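Each chain carries a letter (A, B and C) given by its place in the written order, and its residues are counted from 1.
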Amino acid sequence: MTPSFFLRRVLLIALGALAVGSSGCRRAAPRASTVVENLSWEQVEAQARGQTVNLAMWQGDPFINAYMRDYVAPALLARHGVTLRLLPGQGGDLVSMLMTEIEARKTASEIDLMWINGETFYQLRQLKALYGPFTDKLPNARYVDFASPFIGVDFQQPVGGMECPWGGAQLLAIYHEQRVPSPPRTRAALAEWVRAHPGRFTFDSSFTGMSFLKSLLYEIVGDRAVLAGPFDEASYARYGGELWAYVKSIQPYLWREGRTFPNSVTQQHQLFASGEIDFTFSLNDGEVDNKVAQGLFPSAARAYVFDGGMIKNSHYLGIVARSPHLAGAMVVCNFLISPEAQWEKQKPAVWGDGTVLDVKRLPGEWREKFSAARPGSRSPARSELEGKGLPEPAAHYMVRLYEDFRTQLLR
Amino acid sequence: MRIFARSFSAEPARRRLRLALFAGLAVVPPLLGLGYALAYSLGLVGALANGFTGEHWAKLLHAGDVTRALGFSFAVAAVTVVLATALSLWLSLALRRALGRGLGATALFVPLALPGVVAALIGFQFLGGAGVLGRLAWHLGWIASPQDFPALIFDRHGLGIVIAPTALAVPLLMLLFARLHANERIDEFSALARTLGASRLAVLRRVTLPLLLRRAAPSLSLLFAGVFGAYEIPLLLGAQRPEMISILARRKFALYDLHQRPEAFLIAVIYAAIVLALVFVAFRKQPPAHVG
Amino acid sequence: MSVDSSNVVGVSWPRRAGAAALITLCWLPVAYLALLSLARDWAFPALLPPALTLATWQRALAGNDGLMTSFANSAGIALLVATLATAAAAAASRGFAYHRHRGWWVLAMHAPFALSPVILGTCLLHFFIRLGLVGSAAGVIAAQFIFAYAYAVIVLIGFWNPHVAALEDLARTLGAEKRQVYRCVVLPLARPLLAVAFFQTFLLSWFDYGLAAVIGAGKVPVLTLRVTEYLGSGNVHLAAVCALLLIVPPLALLLLNRRLATAAA
C-alpha cells in the first residue's frame, strides 16, 4: 500500500466527483419549451397530467394561503391531475434565486410559476428568466380584459404575453370609525390630522407603504400624464423632493416619532388591530371585511380612498423560462384565470381580490354573477372608486422611493 | 505534545492523507465559499459580472451602509459580550452556593433549549410596546398607552438585539463559569490567598477573575462571533437601519439593483476575516495545557 | 479546607431570593409560551388571557398546516446529521488528538464557525445548485453536516488523553486486535462523550434556521422556518405552538440528562 496507490485512488474519486457534479447540470432532458409551443391545448393538458408545479408566492396572508391550499390545489388535482406545490418567495428573493440558478448554469429550475408584480417583472426580463409569450395559448385568456390600462400594462411596461394577469388591487386606507370620525382625504388634511394626533399614523416600509407614497406623489404632481412612460430623473428630482419634504414635515408626529416604521403591512395590521395606531393600508379591497370576519380587526374598521385617488394595479403570474413543467404551469395559470376560480377569489370571505376578467366577455350566468357582486359593507362602493384608480408609474420610481426612504427618513 | 507520539498502524503518508481528508471536511467548504465570495466581489464571477474590478471594494473607502453595518454589528456584539460576561460573572459568583446542585442548576439549562427564533418571539412579546412589560407598566400607572413605552425593539440603538442574546448567553456563561470555577480549583486558590492576607476584593481581582476570564476567552470569542453574525434575532427584532451585517448581506444579495450583489459577498469576506482573526487571537492566548 | 458547594443551608436569604428569582426567570419563557399557545384575544392591557382554548393546538395537530410534517422533517434531518457527524468525528478525532500539533487542528475545526450559517449558505449556494442539492433535505443535511462535524470533532477531541492512550497500549500488549481495542476498551469509555456529541449536533441541526432557509429554498419546511413564518404573518398563537414543538423535545431530553447526571453523582 504505497502512497502513490492511495494518491491515485483519491485522484480517481475526485475526478469522478467532478464529473458527476458538472454533468448534473447538463441533464440530457430535451428542452420542454420547444415541445410545448407546438402542442394544441388538449395535448398540453395531457402532458401536464401527473406533473408537480412549484408556485412561488407571498405567503403573508393566511386567507390567501387557504384559498390556494384548500380550493385551488384540490381542484387542480381533481380536474387536471396536476399537483400544486406552494413555496414562499417573492420579489427580490425570487429574482435572486433564479439569478443564482443562471450563474450555476442550471437547466431545470426549482420553480415553475411565480406570483409577481411590476418591479419583479422588470428584473426578470433583465435576466431573460421568463418563458413566453404564452398567454395566447390559454383558453381562458379570451375573458381577460387586456385592453384595460391597469391590466395590459404593468408598471408602464406592456405585458406582451410574458406574464398572465391574475388579480386586481386597489390601495385603500383603513381607519377606525369611532376613533377617527372624519378621516382625512387629502395630503393637507392628513398633515393636519397627524399633527393633532401624534403617534397614531404610520405607513410600512415595503410594497404597500411605497404604494401609499406613490399615491401622494400623484397628488403632488397633479397631472397624471407627468408620471406616465419611462422613469424621468428630472420629474423625480422635483416632485420626489416635494414628497420627501412633506413626509419629513409630518415625520415627528408619526408612530414612534417616525424613527422607525413597520417593516411589512402585516406588522402594521397588527399595530392597528391592537389599537396602537388608527390607520393601516391594504392593496386588497376585501381586506377589511376579511379581517373583521376573522376577528383580527375591530368591527369599527372601514376603508376609503383619498380624493386624489390611490394606486390601482394588477398582480400577475409568470412562468420561469427554465421550468421543467411548462405544460403544468400553463394549466395552473389557465385555471387561476377561469371564471370559477376568479369568482371564488373575489368573495370577501375568501380573499376579496379584484378580478381581471372583462365582465362583458363572460358567458351568461357568469356575467350576471360578476355584475351582481358587491364589495364588502365596510369597503367603498364600486361607484365611489370610479376614476380614483391611479396607474402604477415606471418601476424605477418605486426603486428610488425605496432607496430614498432609507436615506431620507431613516437617518 | 511529545507524550502523544503514538505508533499508528498506517504509514505516515497514508495517515497524513487521512488527516487531511478529515480536516478537509470541515475546512474546505468555508474556504470554497470564501473563495467564491472573494471572486464575486472582485467581479470575476456572476451573471452580471464584467471581469476584474475593484469598484465594490473601493466603496468601502467612503462611509456607506457596509461600513455602518460593520460598525453597528461590532458594537452590538461587544456590548452583548461585555454585558453578558459581567452579569454572568456576578450572578455565578454571588449565587454559586445558593443555586446549589439541584433545582437551581437545572433551571440554568432551560434557556439552552431556546433557539434564536424562539428568543426573538419571546423578545417580541415581552419588549414590545403592547407587550408584557408594557402592560405591567400600564397597570403600575407608568404609561398611558402602548406608544409611551420606550422602544426596546425595532429601535435605532439595537436594544432588543442586545437584550435577547444577552438573556440567552447569561445562563450559558453561568454554567461555563461554574464548571471553570470547579476545574480551576478557584476555591482553594482563594482560600490560600486569604490565608496569606489578601482582602476579598484583592482575591476577586487577582485570583478569581483572571483565572476565569482567561479560561473562558475562547468561548467568549465564539459568543462574540455568534452575535456579530446573528441573523434570526435581528431579522425579527431589529430596525431597518442600522442593520446587522448578516441581514445587510442577505438584503444586498436579493436587491432590486442586481448590480449590488457583489457587495453581499464582499461583506461575507470581511466578516469572515474579522471573526477568524478574533478566534485566532483568543486561542493563541491560551496556555498550552488547556487544549484538550 | 474543602468547600461543599451543595451546602445551601449557610446561605443568606437575599442570595436565596436572588436564586429563586433567577430560577423563575429561566422558566418564564417556557411558561409564557404555553400560556400564549392556549390564549385567544389576548390584547393590551390584559395581563392574563381572558379565555383559554385548545383550538390552536387542535389546529396544529390536525395536519392542515403541515406542522406535523415539519416536525418530522426537523427530527429526521437532525437525527441524520447527528449520526453522520458524530460517526465521522469519532473516526477523525483520534488522529487529530494524538498529533503533535493538536492545537492547530482544533483551531482548524473552528473554520466553519467563522461564517454565520446564513452567510455560508449564501456563499456555497452556487456549488449546492451545481450538485443538485438545493431544495432537498439531502442538501440541508449536507450543509448542516459541515457545522455539526466540526463541532463534534471539537467535543470528541477532548476524550483522547494520556489515560486513554495508556489503556489502549495496555490492551494491545495484552494481545487485543485493533478492532477489539476500540470495541471493548475505548467505546465503553467514550459512550458518555459520544452521547453528548450526538445530542449537541442534534440540537445544532434541530435549531438551525439559516441553512434550512437558504439551502432548502422553501421546499424543506422545518420547525424553525415555520415559527418565523407564523410570526411574520401575525399569527402569534400558532407561532407559540410551533415554538413549543421546537423547544419541548430538547428541553425534555436536557432535563432527563440532568436527572441522570445528578443521580449518578
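Everything below uses one rule, namely that contacts are C-beta pairs under 8 Å (C-beta built on N, C-alpha and C of every residue); 3 or more make two chains touch, one makes a residue touch a chain.
The structure presented is a predicted model; accordingly, all values stated were derived computationally and were not measured.
With centres defined by CA atoms alone, the chain at the far end from chain B is A.
When the interfaces B-C and A-C are ranked by how many C-beta pairs touch across them, B-C comes first.
Each chain gets one centre point, the mean of its Cα atoms, and the points for chain A and chain C are 38 Å apart. Chain geometry summary: the mean Cα position of chain B and that of chain C are 17 Å apart. Annotation for chain B: residues touching 2 or more other chains are 45, 130, 146, 253.
Contact with two or more other chains is made by residues 43-44, 126-127 of chain C.
Multi-chain contact residues of chain A, defined as those touching 2 or more other chains: 103, 274-276.
Contact residues on chain B toward chain C in their complex (touch as defined above): 1-6, 9, 15, 18-19, 22-23, 25-27, 29-34, 36-37, 45, 91, 94-122, 124-126, 130, 132, 134-136, 138-139, 146, 171, 182, 187-188, 191, 222, 225-226, 229-232, 235-236, 246, 249-250, 253, 264-265, 267-268, 271-272, 275-276, 279-280, 283, 288, 291-292. Residues of chain A that touch chain B in their complex: 1, 3, 6-7, 10, 91-93, 95-96, 99, 102-103, 119, 123, 126-127, 199, 205, 255-256, 259-261, 263, 274-276, 399, 402, 406, 410.
Chain C meets chain B in the complex at residues 1, 3, 5-8, 10-11, 15-16, 18-19, 22-23, 26-27, 29-30, 32-33, 36, 43-47, 88, 91-92, 95-100, 102-103, 105-120, 122-124, 126-127, 146, 149-150, 153, 157-158, 160-162, 165, 178, 207, 209-210, 224, 227-228, 231, 236, 239-240, 243, 246-247, 250-251, 254-255, 258, 262, 265. Across the interface of their complex, chain A is touched by residues 11, 13-14, 17, 21, 45-47, 129-130, 145-147, 151, 154-156, 239-241, 253-258, 261 of chain B.
Those residues of chain C that touch chain A in the shared complex are 41, 43-44, 64, 125-127, 129-132, 134-135, 217-219, 229, 232-235.
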